[in-house]
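For reference, chains read A, B, C, D and E in written order, and residue numbers begin at 1 within each chain.
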Amino acid sequence: MTSNVVGVFADPQSALTAAGNLKGAGFGIPELMSPVPIEGVEAVLGKKKSAIKNFTFFGGLIGGIAGFALAAGTAVLYPHPVGGRPIITMPPYLIITYELAILFGILFTVVGFLVSSRLPAIRNRVYLPEAAVDKFVVTVPYDDDDHFKRAEAILSNAGAEQIRQLGEED
Amino acid sequence: MSLFSRFMDGWRKYRKPGYYDEFDYHWTMAIDLDKCTGCQACMTACQAENNIPIVGEEELARGREIQWIRVERYWEGEYPNAKLSFIPIMCQHCDSAPCETVCPVSATYHNQDGLNTQIYNRCIGTRSCAVYCPYEVRYFNYYDHHWDSPLEQQLNPDVTVRGKGVMEKCTFCIQRIREAKDHAKDDGRRRVQDGEVQPACVQTCPSKALVFGDRKDSENEVSVAINDPRKYRVLDELNTDSSVFYLKKVDA
Amino acid sequence: MPNIDRRDFLKLVGAGGVSVGAGFMLREANKDATEYLIPHVVAPEDFSSGLATWYNSVCSMCPAGCGISVRTREGLAKKIEGNPAHPVNQGGLCSLGQAGLQVLYNPDRLTGPLKQTSARGSGSFEQITWDEGLDQLGSRLDLLRAARRGNRVAMLTQGVRGHLAQLFDNFMRQLGSQRLLHYDFNHPHTLYAANQRFFGQDRLPYYDLHNTRMLLSFGADYLTNWISPVHHSLGFGESRQGSSNERGRFIQIEPRMSASGAAADEWLAAKPGTEGILALALANHIVSEGNYAGADRADWAVALTDYTPAKAAEQTGIPQSTITRLADSFIDIQPSLAIGGGAAANHSNGVDTLMAVNVLNYLAGNIGQEGGLLLNPEPTSVVSQQQQASYSTLLEFAEAARQGEIDVLILNGSNPVFTLPQASEFREALASIPLVVSLSSFLDETTAMADLILPSHTYLESWGDDFPEPGMGFPVGAVSQPVVSPLYNTRATGDIILALARQMNVGTALPWENMEECIKDGWRQIYERGDAQTLAQGFDSFWTSVLRAGVWGETAAGDSEFTLDRSVISNIGVQAPEFSGSEEDFPFILHPYLSPNFYDGRGANLPWMQERPDPMTSVVYGSWVEMNPSTAKELDLIEGDLVDIQSLHGTVRAPVYLYPAIMPNVVAMPIGQGHQEFGRYAKDRGVNPIEILSPEIEPITGQLASSATRVNIVPTGRRSKLVKTSGTSRDLGREIVQFADVNGVELSSAGSNSIPITEVTA
Amino acid sequence: MVAETNNLGYTDIHEDVVRSIVKTGPKYYIALATAGGTTLLCFFFPWFYQLYYGIGAAGMNHPGVWGTYLASFIFWIGLSHSGTLLSCVLHLTNSSWRKAMYRSAEAMTLFSLVVAATYVMVHVGRPWFIHWALPYPNQMELWPNFRSPLMFDVMAITTYITGSTIFIYMGSIPDFAAVRDRTSGWRNTMYTLLSLGWRGTDKEWHRLHWAYTFLAVLIIPLAVSVHSIVSWDFAMSIVPALHQTIFAPYFVVGAIYSGTAGIVTVMFVLRKYMGFERYITKLHFDNLGKLLLVLSLLWTYINAVELFTSWYSGTSEEYEAVGFKLFGFYAPLYWEMILFCAVAPLLMFSTRFRTSFMPMLILSIVINIGMYTERFLIIATSLPRQYLPDAWGVYVPSAVEVSIMVGSFALFTTLFLVFVKIFPSVSMYEVKETMATPKLGSVAPASGSPA
Amino acid sequence: MNVSIVPSLKKLRPVAMLVIVVLLGLVLGYWANAAFLPGTSPEQPIAFSHRIHAGENEIPCMYCHTQARLSPSAGVPSVSKCVGCHLEIATERPQIRRLMSYWDNQEPIPWVKVHDLPDFVHFTHKRHVLAEVECQTCHGPVETMDRIRLTSRAADGTAQANHPWEMGQCLSCHRENEVENGTDCWTCHK
């Protein structure tokens, strides 16, 4: 069981400051919970990279290949001569390719999102319901009382309305 | 056959357009409009041979007729110079059939006889083939048809009775072609000879306006007919490449 | 496993149990119904399940006598096709002939003997046994015969030929009755009379359409219902685009374009009833132009003086130039042929008109010529002379009935209540006959008036034979054999007659056990008259080969020399036709024509024929009245408007159809619909124009002049939907039917022909 | 841009949305029961009758083999076009006025698609075999025919339904999380699962943003392709009046046009009956009105082009087709369509008209009636009058068809009514984004109970 | 406070279990019916044993099913054919007595059809017999069956009891033997 220091802020700016300070004090990367995405997080906590775009791209690619293979394979493995057209008829098959590329792109994007944001949450995670309404919450794990005190200080200096400690239960 | 060799086989065979030339037969019909009297014996023959349902007055009034072959009539001029011409229209068995491409489930396709075929029990009833057919020769079963007993006893057992929700059309009496091939095999022949098969309409035509045969045999009656200077195809400008040829009516 | 308490467990068990049951039932419901394989008790020799067997027979749907092949599978008739070996139809067959299957399998067939239980025409019948029925009729006949009052028995049959006709004749003779009447609405009495007078022959000549290059048809709808339509169609096709290099020309003269008119190269509308005058005008021109060089040329010139083209142009409404052109081409294009019939023959001057047509053939030298008109030899087989009763004969019979001179009437297939005008009062006459017996297979209008119904087999279940009339220029006979075992408790007509004969103890004259024996016996005589080669094979093998082929014929044609009796020439002449009703009160001439689908109405109970669109109008399931669009415009009528068609003798109501090729003062109606009985497909559908016909007759033959009725058209202000399969019968310049000259070069005739785009097709 | 909402705080929107889900009055149940009952009576009952009897229960015939079912299908597909498509475009262009309305617009897309997909089942003759049109391994070794424009449809619509569902769901995750905390019992369970345990951390927001953006990028071309493909069901044929190159843009424009009108209707209802007056404002109507106006002009232009090219072709087939459309049996409907879709929308040149709610509602409904007519006419005036005049006929819808058409609107309403009780029908977090961030030290009412 | 979807999933467990139980039940019921009441080996009016006739006595199939090489349908023998032998053989057995009672009444025996293809299938015995396909290939080991059982041919070529013929089975055999136009729809459909 890990314990976390949790600071509740009424505005995003002070929460950001607190998070920055915590990070500067060597607390590891603090988490910011907020009802809306906060602008400027990356400037404080470092640039985030996600693999979603790779998922999307490769999803689309796989989908496209699968789509064409589906159409062409279907036609060639059990040929039904149709309208005198060549068995692999490009214009219609490209449409199928296109649609499946998009379908797979979408599905892979979702997978990418879930994987990269570690959702759904199977493990218990620290959370404050206020964060979904109008509060901005900074959490950072601590090891001992000393740590906690230091974090508490940083948070209250930044203007935290409340400071609490929360554990992650299994 | 392995999947791969099946794939390669299909690919090689059907890679390019024009593979119809390699098919076993190219059944063709020629209709001499100069001989057609509009008597419609062909329609009854077709109805008898192919189990075409009796629709009833009410449904006919709603336009639900089913006529695999129909005789269309076109008037020209006014009295006293009015003139009436008949033209039998059935499935033209187009080589570039618009109906075939549109079927989502491949219920209609071209087979080795060079026929445009319809597999009734594969049909899911989107009716798109009927929309795409410029000759409007595809007929839909809007409900399960019924024969007042004992009329059902006249149904041809070689032809299935189509249920509701299924599209149907002229097959060039494919059951007769099949039977002829069967006989040919019994006699140890590879191919059906000319004159062995006649669709019901051709068989019955009192004025012998209809001729049927395999176009691949360049000597037979139908090949002669389709090389006649009077030959034309209905709606040829649509490039459907149909297998039914008409011989122009002579205006003397 | 998480801990589940007892209640939850029970719930789960319950739900599981229910769903097991549901799955079980689901499968049960998906099972197919049990089917059975029913074997024969003893396998017949020619039976093979899954394979078709063909039987050759003869079509009885109209008097043409085409040969048919019936396809059967597992003992059921599946399809009727033309017998390719039969010289009349050579494999072709018309719609009605093919629909014969639906006579056999008609749901409205009578399934056994019936007895009228209350008033006539009330339609209440009870089932009786054959013994009862035959007893009731037979004892009555026997009494009358014994009392030498056999002439009080009448038999009214549809036209039958061959040994059945002989059997009828024999039977009635044994009974001592002269009242055997064959009656068909469409029987060409006038044609027989005209040929009798001209050629001295009691039979029809053979019209060689196959080889003719110029056919002039005066009102004969030879492709639909004139004499032998399938044979004529064959000839038409052969003449048009056959082996000859020269394409035959066809010209049709009639007030309303028939299917033959549509097939013709030229369609001309002469005033109704003046076709004979037109023919004589052509003859006049031929003679006066010196195109006839016979020895009797002078006689003809005298006989035809009154029929100059100029005068005829006035009388017929056809321009003089056309008349002379026709006359010239009739001589120039050889071989040529003139035929007459249909409406042209159904006028008060019918026989004269057809005589005039024969004159044309005579003058052009077409008689006895290939491509012309070939006289038939004397038939070598049974009598083919028709004992056909004309309209006036039936009127006489009706009068006799009213006078109480008829005790028993036996009806066989004939339906006079439907095919006679109301003015004949035939239905009323029936009431005066104490016992009316019908042998019909269907409850038609006349049978509904019967006291006793002894239903006969259909032709596909019984033995019979036929000798086509007109002959093919050589003797032909065909045997019809049962192709399926009888469906119901019915009996063959011949068997009924034979059973009655036995009941009357006249068995010695009619010694056959059944119709099969009778036919076989009759054919033994044909066999015995045969040549040495035929005789050498023995009768049994002859009989088997006839049955197998379905037809028998001698190829050697008798040479029939013909010389014209001079007295005929002086009697040539065509009077103006007479019409019933004044032109002021009844401005239109009614042109009733036989529907291509129903013949004289006998096909109306066949669903295939009801669904077969009328070739000219595409109307299905109903009646209509055709009028010229200009006439309709004057009367302010459009398609589907209901009008009353009034004659002096009645009124019928039908929707209007605008027919582009009909004379403006003529209205046409198809015959065949308007049944009051005759099963579910025919009953109460459309109207019967025969009802309102005036009882005008052709004086020489006594035939009903069915085209001689004047009518008035009274709009009712109501509309009905005319059910037809055709949308718009104009091709709007789309060149769907294309035209070429004889060499195949495309003509640019189409294209100028457009209708307003706003036309609504519904 | 946000002038009318800036006096509202985070909690206001939060409370309003949660209330719209949790608090349910009797009116809602009456509405739901009415819609559901109508669906059952007018949609499912006639449909089952048709399944039993065959397609003959509808008015289709030879040669009018397609009818209102397909017209309705196109209509619903068209209606689906504005929601997600517009939402994606506005998302990518970062238009803030989108934010209050896009959730319900997307829902409209989704349910329109569901109704359209149902119509496919209603339309085909043997829906019990409809799975044959899907590619899946089977013992017959028979797969669909991918050359068929109808198969393009199957693929495109499947993709579009999947994409739209994912798009609306993905955008709702933070809101599910917000509602989760305010509910208990089965709702809490449901929202917990739906929100996947969303906490609103900076990382989650970042991932969501990108995923959402990629989805938007994928869905825009998809949506355009969907209606192009629907148009090809017709344009790939050689039927006069259908075989037109302009059909794809024609259908796409028509789809967006009717969809946007549909959004106006839905906006009005949400605003009026779900208590979102403060978030859906004149501004939205004004902007949508402008969009509608542009689309209307575009639509009119394409119609004119279509007529012109047909007339200019000079062939009998095209000429008759145009003539029949303009002056034939269905001419009254044609002129009704012109009036509703080309003339009436010109009113929106007036700003006052655009910012009045009731007139905009009426206009939006009128436009959709016109657009339905357009789809109906495309089928009913072309198919029965093709190349062979002798085969011409007339197609008139039957009572069953009309009933199913009415029922489909009820079905849509039912689905939408269920939606507003499950989904936060206004996107909370995005509305919050448009608001000023709360001031330091301001006191907000406590929400939720800490664990 | 913490958040996780696990507690909610736990709450759903009873519902999930119910769904699983119901689904399993449906499958079980369906399977049980198919396995124990398949209707693929119906009771016949006379307990005719192919095992005795075709197996022990080695009567060739075509002795009774004479039609098979001539016609699309194999046909069942006429009653007279059965009687032809059984006037002499095993006349005292109850089943033979039953046969004789049909014969005495001149009634056909209503055999229940076991191998029943749908109406839209065109199958011809003739072509298969002439191509020297063993009867057992499609009908299974008939000579071992006392009562005829519906049998088809699995993909691996083995006889598959109680399983009706499906298109794929015809197709795979046609493919294996490279039948001319063997995969053309109209070869087998009508």
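Just so we're on the same page, a residue touches a chain if its C-beta (ideal position, glycine included) is under 8 Å from a C-beta of that chain, and two chains touch if they have at least 3 such contacts.
What you see is a predicted model, and the numbers here were worked out from it, not measured in a lab.
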Joint neighbours of chain C and chain A, given as chain labels:
B, D, E
Reaching chain C from chain B through chains that touch each other, fewest steps
1
The chains touching both chain D and chain E are A, B, C
Is the number of contacting C-beta pairs greater for B-E or for A-D?
A-D
Which one of the chains is farthest from chain C, going by Cα centres?
A
Chain centres computed over CA atoms; the one at greatest distance from chain E is chain A
Please find which chain has its CA centre nearest to the centre of all protein CA atoms in view.
B
For chain A and chain E, let me know how many angstrom lie between their CA-based centres, rounded off.
58
Measure off the straight-line distance from the CA centroid of chain A to the CA centroid of chain B, and report it in whole Å.
61
Calculate how many whole Å lie between the centre of chain B and the centre of chain D, each centre taken as the average of the chain's C-alpha atoms.
42
Need the CA-centroid distance for the pair chain C / chain D, whole Å please.
63
Residues of chain D that touch two or more other chains sit at 141-145, 147-149, 151, 193, 196-197, 199, 387-391, 393-394, 450
Per-residue multi-chain contacts in chain C, two or more chains:
618, 726, 729-731, 736
Multi-partner residues of chain E (each touching 2 or more other chains)
1-5, 185
Would you please name all pairs of chains that touch?
A-B, A-D, A-E, B-C, B-D, B-E, C-D, C-E, D-E
Interfacial residue positions of chain E with respect to chain C in the complex
13-14, 17-18, 21-34, 37, 39, 42, 67, 70-73, 75-81, 102-103, 106-113, 116
Complex contacts: residues of chain C adjacent to chain E
2, 4, 8, 11-12, 15-28, 31-32, 34-43, 48-51
Chain D residues within the chain A interface of the complex
9-11, 14, 135, 141-149, 151-152, 155-156, 158-159, 162-163, 166, 170, 174, 177-178, 180-182, 193, 196-211, 214-215, 218-219, 221-222, 225, 229, 428-430, 432-433, 437-442, 444, 446-450
Contacting residues of chain E [partner chain B, same complex]
118-120, 122, 124, 126-127, 130, 175-176, 178, 181, 184-186, 189-190
List of chain D residues in touch with chain E within their complex:
138-142, 188-190, 192-193, 196-197, 199, 450-451
